[in-house]
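Labels for the chains are A, B, C and D, by order of writing; each one numbers its residues from 1.
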Amino acid sequence: MTVQQKIKTLSHFINGIETAGTSGRYSEVYNPTTGEVIAQVPLATRDEVKQAIQLAKSAFPAWKRTSIGKRVEVLHRFRQLLIERQDELIEVICEESGKTKEDAKGEIVRGIESVDMAISAPQMLKGEYSVNVGGNINAFSAKSPLGVVATIAPFNFPVMVPLAITSMAVAVGNAVILKPSERVPISALYLSKLWKEAGLPDGIWTVMNGDKDAVNELLENKEIQAISFVGSTPVAEYIYQTGTKHNKCVAAFGGGKNFMIVMPDANLEQTANAFLGAAFGAASQRCMAISGAIVVGEDIEKRFTEILKEKVLKLKVGPYTDDEVDFGPVITQQSKDTIVRYIDEAITEGANLVTDGRNPKIGETSKGFYLGPTLLNNVTPNMTIFKEEVFGPARIIVGVETLQEAIDLINDHELGNGVTMFTSSGSAARKFLEEIEVGMVGVNVPIPIPVGYHNFGGWKRSKFGEGHMFGPDQARFFTKAKTISERWPDETEDTTSSFAFPSNSDVNK
Amino acid sequence: MTVQQKIKTLSHFINGIETAGTSGRYSEVYNPTTGEVIAQVPLATRDEVKQAIQLAKSAFPAWKRTSIGKRVEVLHRFRQLLIERQDELIEVICEESGKTKEDAKGEIVRGIESVDMAISAPQMLKGEYSVNVGGNINAFSAKSPLGVVATIAPFNFPVMVPLAITSMAVAVGNAVILKPSERVPISALYLSKLWKEAGLPDGIWTVMNGDKDAVNELLENKEIQAISFVGSTPVAEYIYQTGTKHNKCVAAFGGGKNFMIVMPDANLEQTANAFLGAAFGAASQRCMAISGAIVVGEDIEKRFTEILKEKVLKLKVGPYTDDEVDFGPVITQQSKDTIVRYIDEAITEGANLVTDGRNPKIGETSKGFYLGPTLLNNVTPNMTIFKEEVFGPARIIVGVETLQEAIDLINDHELGNGVTMFTSSGSAARKFLEEIEVGMVGVNVPIPIPVGYHNFGGWKRSKFGEGHMFGPDQARFFTKAKTISERWPDETEDTTSSFAFPSNSDVNK
Amino acid sequence: MTVQQKIKTLSHFINGIETAGTSGRYSEVYNPTTGEVIAQVPLATRDEVKQAIQLAKSAFPAWKRTSIGKRVEVLHRFRQLLIERQDELIEVICEESGKTKEDAKGEIVRGIESVDMAISAPQMLKGEYSVNVGGNINAFSAKSPLGVVATIAPFNFPVMVPLAITSMAVAVGNAVILKPSERVPISALYLSKLWKEAGLPDGIWTVMNGDKDAVNELLENKEIQAISFVGSTPVAEYIYQTGTKHNKCVAAFGGGKNFMIVMPDANLEQTANAFLGAAFGAASQRCMAISGAIVVGEDIEKRFTEILKEKVLKLKVGPYTDDEVDFGPVITQQSKDTIVRYIDEAITEGANLVTDGRNPKIGETSKGFYLGPTLLNNVTPNMTIFKEEVFGPARIIVGVETLQEAIDLINDHELGNGVTMFTSSGSAARKFLEEIEVGMVGVNVPIPIPVGYHNFGGWKRSKFGEGHMFGPDQARFFTKAKTISERWPDETEDTTSSFAFPSNSDVNK
Amino acid sequence: MTVQQKIKTLSHFINGIETAGTSGRYSEVYNPTTGEVIAQVPLATRDEVKQAIQLAKSAFPAWKRTSIGKRVEVLHRFRQLLIERQDELIEVICEESGKTKEDAKGEIVRGIESVDMAISAPQMLKGEYSVNVGGNINAFSAKSPLGVVATIAPFNFPVMVPLAITSMAVAVGNAVILKPSERVPISALYLSKLWKEAGLPDGIWTVMNGDKDAVNELLENKEIQAISFVGSTPVAEYIYQTGTKHNKCVAAFGGGKNFMIVMPDANLEQTANAFLGAAFGAASQRCMAISGAIVVGEDIEKRFTEILKEKVLKLKVGPYTDDEVDFGPVITQQSKDTIVRYIDEAITEGANLVTDGRNPKIGETSKGFYLGPTLLNNVTPNMTIFKEEVFGPARIIVGVETLQEAIDLINDHELGNGVTMFTSSGSAARKFLEEIEVGMVGVNVPIPIPVGYHNFGGWKRSKFGEGHMFGPDQARFFTKAKTISERWPDETEDTTSSFAFPSNSDVNK
């Protein structure tokens, strides 16, 4: 069997049907664990995207008119299918992303949290009703879906992010176009089958594979009412500016530089364990991964570095087929190269290499895109590795003298996605919670990702727009409201014209 | 006394102080009732705006740290001052806007509704708290103000719109820069005095007078976190696209073409009375004014036109000093000329002039910018006067055969601000409420503006962005939230690292 | 095989185990379709109830500490089991209650709506969080379950009511003791198996069969924190007064006399169809069944009665094994006798028998407790059949002259559970909605039962206490909240004592 | 001038008029500072109460129909009057209650917080609106006031409690009957004048002075829809049981035994200052007063006692006319005697007298009801002074070894009103917040009373019923909701009858 034979040609999922691409352009999908190409994914033309949007638009009115209860019933069945097919889905995720099985399972469970949030759509869709706001008028608000909405997903969570940015959109009555990452399209297509099996009408969930052409059509097409994006900050900014230039509502989630502040009163052993998983899990390819530690106190920094070093050296990198492995490869060879460049540059700029993951042993016998865990200390805020998001297992340690210094460092950073602090002091935690300029904050929690029924969203250049990814505010992003003032006068009532501006108060006794 | 002597030179209001402009550039402020210049308002340079923003930024942290209760107390006092100084304020509004005293009073009362909404900030600022979302983590959200925010107001409500777009912003802890319309700056400056007297700290409320230079500085300055705008659709679109290009959150409210659907079962006498005030009040210079009637049934259209004609001919136009007057002049001579051009063009395009307000008698003896009430029928959807917002007393009547036709006409219009229907049929109202693609909807209500504690906002090209002008959603626009995950482990607790993605559910039994 | 052999001896369900009764006292469970005894259910002693409560109390703390996510996961599995075992459950319901299969299925689906509401517990359990309410204090509320709660269910919905009054209680963390009706214990025991299979810990769901002894123990035992009851008004009143005498929170749902107002402008054919199903479905054994029509207009009353009569005569009564049957028997022979007495008395008092269901043909060949549909007109408010809830297929028609008269009749009735109106007039509906003193109100809806995510509860003597049966307020009934004021001062802060009452406002400038 | 001449005869306030009592029975009102009688208050007969209720009932419908905006406007004016007349009101409070001016002012400010909460009634009165819950039905809820409601207030906050239990009731549209304490009726009557001046319609706010007769009429009269009570636990229990026996909704707030846990890591100096004001302020006559300290650690207990002793000995007791005074007399001679008996009994039971306030020096020269600050340590849980609420300046110190022990002591107490902890440890606070069985909880806060926009209410025997005194839940207590299901079918629609139970879900694909 030749490589040629093994490569599967993927399709789009349009109007309930797996539809072959017509552009003749493809992108290769790798198994990062082996470095081999496993499939080719079609890259849609703008015309293909246009047609898919039209089909979604046609499907929308009937779905909108479907009662909330029946829409949610589809989500219940979809949820059940996600649980029943979990093992198959884990295999799909692992193969195209390289993450460990345990991690893939964690992502599915977390994705189901988004489905659960969407299942509460009947609560989320409630408007407000006021009796007699004046002049026998009742005032109330009625929520509607937007129409066709687009969501653009990254490679690092092949299942969780698509579920997070589409489940609520579907539940509240929209038709969704998902453009998954061209690195991990197979998971998205797998989800399509589950949606169909769950009874979602054709046209309500569409997968369009593609690159910048497809993205630009979604950003510019006037039938698209709203855009959700998850990815790096520069692309998020592009999406926000381009989508809003076409008058759309846009929620664009960018990168993070998520620090863990380690206070002198923290239990260093517990904290180091927390750091390890949160920093290196999934080969650090998470927007919520801990990027580095900011340790308060010179001595503490030394001791914490030592403890960490010892633990890092014991970490095991390898293929997801090995259950003992702590994390797998990064997504592509280019990604690996970029991360190594960050490490090299940091060393040049004066950082100290505590552990060196640039040439992991496993790499010698595998074409997989492996990197071992790299830890650098003596890192300063002017270094590139401090300033930029590094999407791979190179993590940093920064020493400071005071909590205030730690807070200032973080607040001066252009990103504000996540942050956490380890401490036993109530007042240190209070100062931190109050002053830190970051959207998702933890106290003694390794990864400060909110539970699915709370809002997910960073501050500063980590999020553009008002939307949220999980939580109750997400329902708001995918709906609009009519505010209605209703009056039913007696028809024999005598009336005159009022030329003054109407109001219902009476501030003059 | 020469004209020169009568003209007052106005200032800005920066950091609690009336501050003279330094640009040397001024715009003339007219009394539309007499056509005379009453003041000149300075047009700020970008540097002046920059400096004002810096002062606002400096004032922000202390205001943010002020407890909600104390902030709201300032609003209570401000509210009380608005009531006590009402007569003076009415005089100021009438002089620079030309509206009747009764209308000016209505606008103040309505503005106070915004202050009342802002007074409920303690409710609006509540986050959510969940106990033990898993792993002994408590998750909660804490809301914060944004920082310095800008609001840009139109001429037609010199007091109500500034209150509507700043009161909540102030209450939740922001520092606000208001750029009022250069046509009506005196009211905004008057409000400044009341804020100061109410105890608002210097720098939290700023009035920057200016033109496009000032606006562009607000749109581009990176210290401005959010922008609210109220005005015409083309400018709203510019504000939205430019503000979001600089990564800000923007709520831009544009124009309306607000129709009244008249059903065959409506009481035509009641409906005509409702139409008159809603259509011609304030010389039709309201974004919520009724722009025209869409009458269902040929006979009904004829009868309704006749009833209206008779009533329109009795309307009285004149100066606000005359209490008998129904409405006053339009804001400027240019505005008057534009409206006349719309009427002329409509006639050319085939519309029929039912009443002609182009040369009102009052105009003969006054230099004021008067127009009488103009009513046109035989209007069709392809005419300019149907398609565009006309900001003056030229209103139209369109006849259709069915309710569906009426709904379709409105849904095909690019604007979607307000709409109302007069009927006695429950099922006609239900169909209308469900199918109409407009943000603010009335049933048997002349002007479908929501009461202040419900959200204000149009659909389609009548609003850009997610924000609202009144109502609970406005508080959301002016705040951001941290989502916090907090855990306080026993320090002797034994821990290991978890490399899988964290979730708090357990879908596997 | 003798009857003796066929009778199954039922048990309780205590601490996860089917537990035989020890009192030696039993109640017979009939199949109303055949009139035969199918089982005997043990009647618990007060000591048995006490022991079950103790076991529930022991199970409570661990369930309370279980994270919301994990608790809800059990409900998801329980929901899935309800769907998978639906056919079996329908059979159980039909056999012990006599209702039709379609009706049994409707009740299960409706019961699942309660489970769905309970699945949204993570939203329902959210408290509120306020930052810096003054003096650097953060104030927030944290919700807790109550402990052991008791619910007492009626015979008419063997599955829906138990689900409605326990699902949320379980989801928010309580341990529930259910005392089902001794007429229909088998369904409740069937649910017990599903809960266990779904993974609910032992002791969290208990079924105690019994009579007044069991009820009194639940009402008086100090470990029971709250009581929900559904049944007739006299018993509801007893439960409320006795439970509150023991300082418990009680929500006691009583009976209804739910009228349908028929307006002259209603479509009489549509309305008669609506009346038929809503009035006679389930042999009228629903607290939300339509008890009678109040028809506005003498002519209308005549025509409506004629239309109804014709339709009623075509109704088919019979066993649930016949899919063509419209409704089945009533629950017991005593119940049948009571209903016949109501009809006899009404005739004596002057009512006119439109159709007579006292001796249905099916009764001749069956020992089942059958009654045909009885319709009476010329009914007046002073007749017993107007004043009291009749729990069987005897329905009344009352003629009035005006809507006001209809509203007054209903408002003067001591019960205020449900009511509906059929009309095409918006203003009639508005008047009705505003003035009617009834908790659940319909417009052009046959049975005005709210959807599961809105609150269920009558007014006047139809409900005692503040609780609700479905909807968001139910979660409130089964929880209590701590309000927490938290401050973390700098430890070096200088303090003095304040002897004045603390407040966080500052009304004095 | 004789005593006879000085004593003013007070009246009731019925239907907007000061109305003399007709029973001939009076209770004497003292000035606790001087021990002299200053007024006599009439004690109403049941007939007088009945008549007042009828007048309130007559006034209710018009107030209910008044739009929310206009109702709230009255509250705004009332609020303004409370601020303007503050000095006069302080004098009234001090004279009849004996509290210091600063404390009286604090109570007024706090009372205004209740008015502020009531001003947000437009938010609180919003129901929920759902579009198309199935079958083209819209479901929504509309809130109504209850009718005539009664509130019964204690002596210790002559203004704050009446405002707290009536402002929201009035704002949401009820007619309120207040029975103030016969010790402090003058403040309640003063409030009546302000309400009238603010424009509240006659009959909406009634003051009925009286004793058990008046209370029983309120509890039993069927026109009273709900009862709020604040006072001691035995009376609260009586009110709850009697009111609910008459099928009313009752919220009865009883006493507290509010402990301050002092952790070894607390700053003892700060903590002692906090204790002093919270424990002895207002002569300890507050249901939220700190009753005692539970100190963790034997050494800590010793040091804390020493620090406290030194500070207590410096406290100054005396008349409110002296601005230097820390607290004033208790309310009556009987009250003074009762408190002395508690101290005597504690000493007999083995408690150690740290400071003895039984014979304060000021008492020698005054007939006022003075007690100095008494502090007892070596107190154990079996002593009466530990078990019962002492409403006067006798406070206790209990030593324990562990936090768990402190929590258990409090959880085993029958009262659960308030509690606070002083600590610097995040994990101690977390354990405390989670495990403590008390309704209002503080961390490093002297008096854990929630801010006015959060709910006030204790647990266990400190509150009977579901209602709250401040906060959003209070609005719920004073309203009821209709749940409405509305449908507007096309009249030509073809229909059939459905005999199955209606539901809007579709769990079967």
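In this section, a contact is a pair of C-beta atoms (placed from the backbone, for glycine too) under 8 Å apart; a residue touches a chain by one contact, two chains touch by 3 or more.
Keep in mind the model is a prediction, meaning the values are calculated, not measured.
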Pair joined by the larger number of C-beta contacts - B-D, A-B: A-B
Longest centre-to-centre distance from chain D, chain (CA-based): A
Whole-Å separation of chain centres (CA-atom averages), chain B against chain C: 48
Centre-of-Cα separation between chain D and chain B, whole angstrom: 43
Averaged-CA centre spacing for the pair chain B and chain A, given as whole angstrom: 35
Per-residue multi-chain contacts in chain D, two or more chains: 69, 72, 76, 113, 116, 122, 126, 128, 130-131, 133-134, 138, 140-142, 424, 426-427, 429, 443-444, 451, 453, 472, 488-489, 491, 503-507
Chain D - residues contacting chain A, complex: 65, 67-70, 72-73, 76-77, 122, 125-135, 138, 140-144, 199, 423-427, 429, 443-444, 503-507, 509
Chain A-facing residues of chain C, complex: 69, 72, 76, 79-80, 113, 116, 119-120, 122-123, 126, 131, 138, 426-427, 429-431, 434, 451, 453, 472, 488-491
Chain C residues within the chain D interface of the complex: 83, 86, 100, 102-103, 105-107, 109-110, 112-113, 116, 128, 130, 133-134, 137, 139-142, 157, 160, 237, 240-241, 244-245, 247, 249-250, 267, 269-270, 273-274, 276-277, 280-282, 286, 311, 326-327, 424, 429, 433, 436, 438-457, 459, 461, 464-467, 471-472, 476-477, 480-489, 491, 493, 495-508
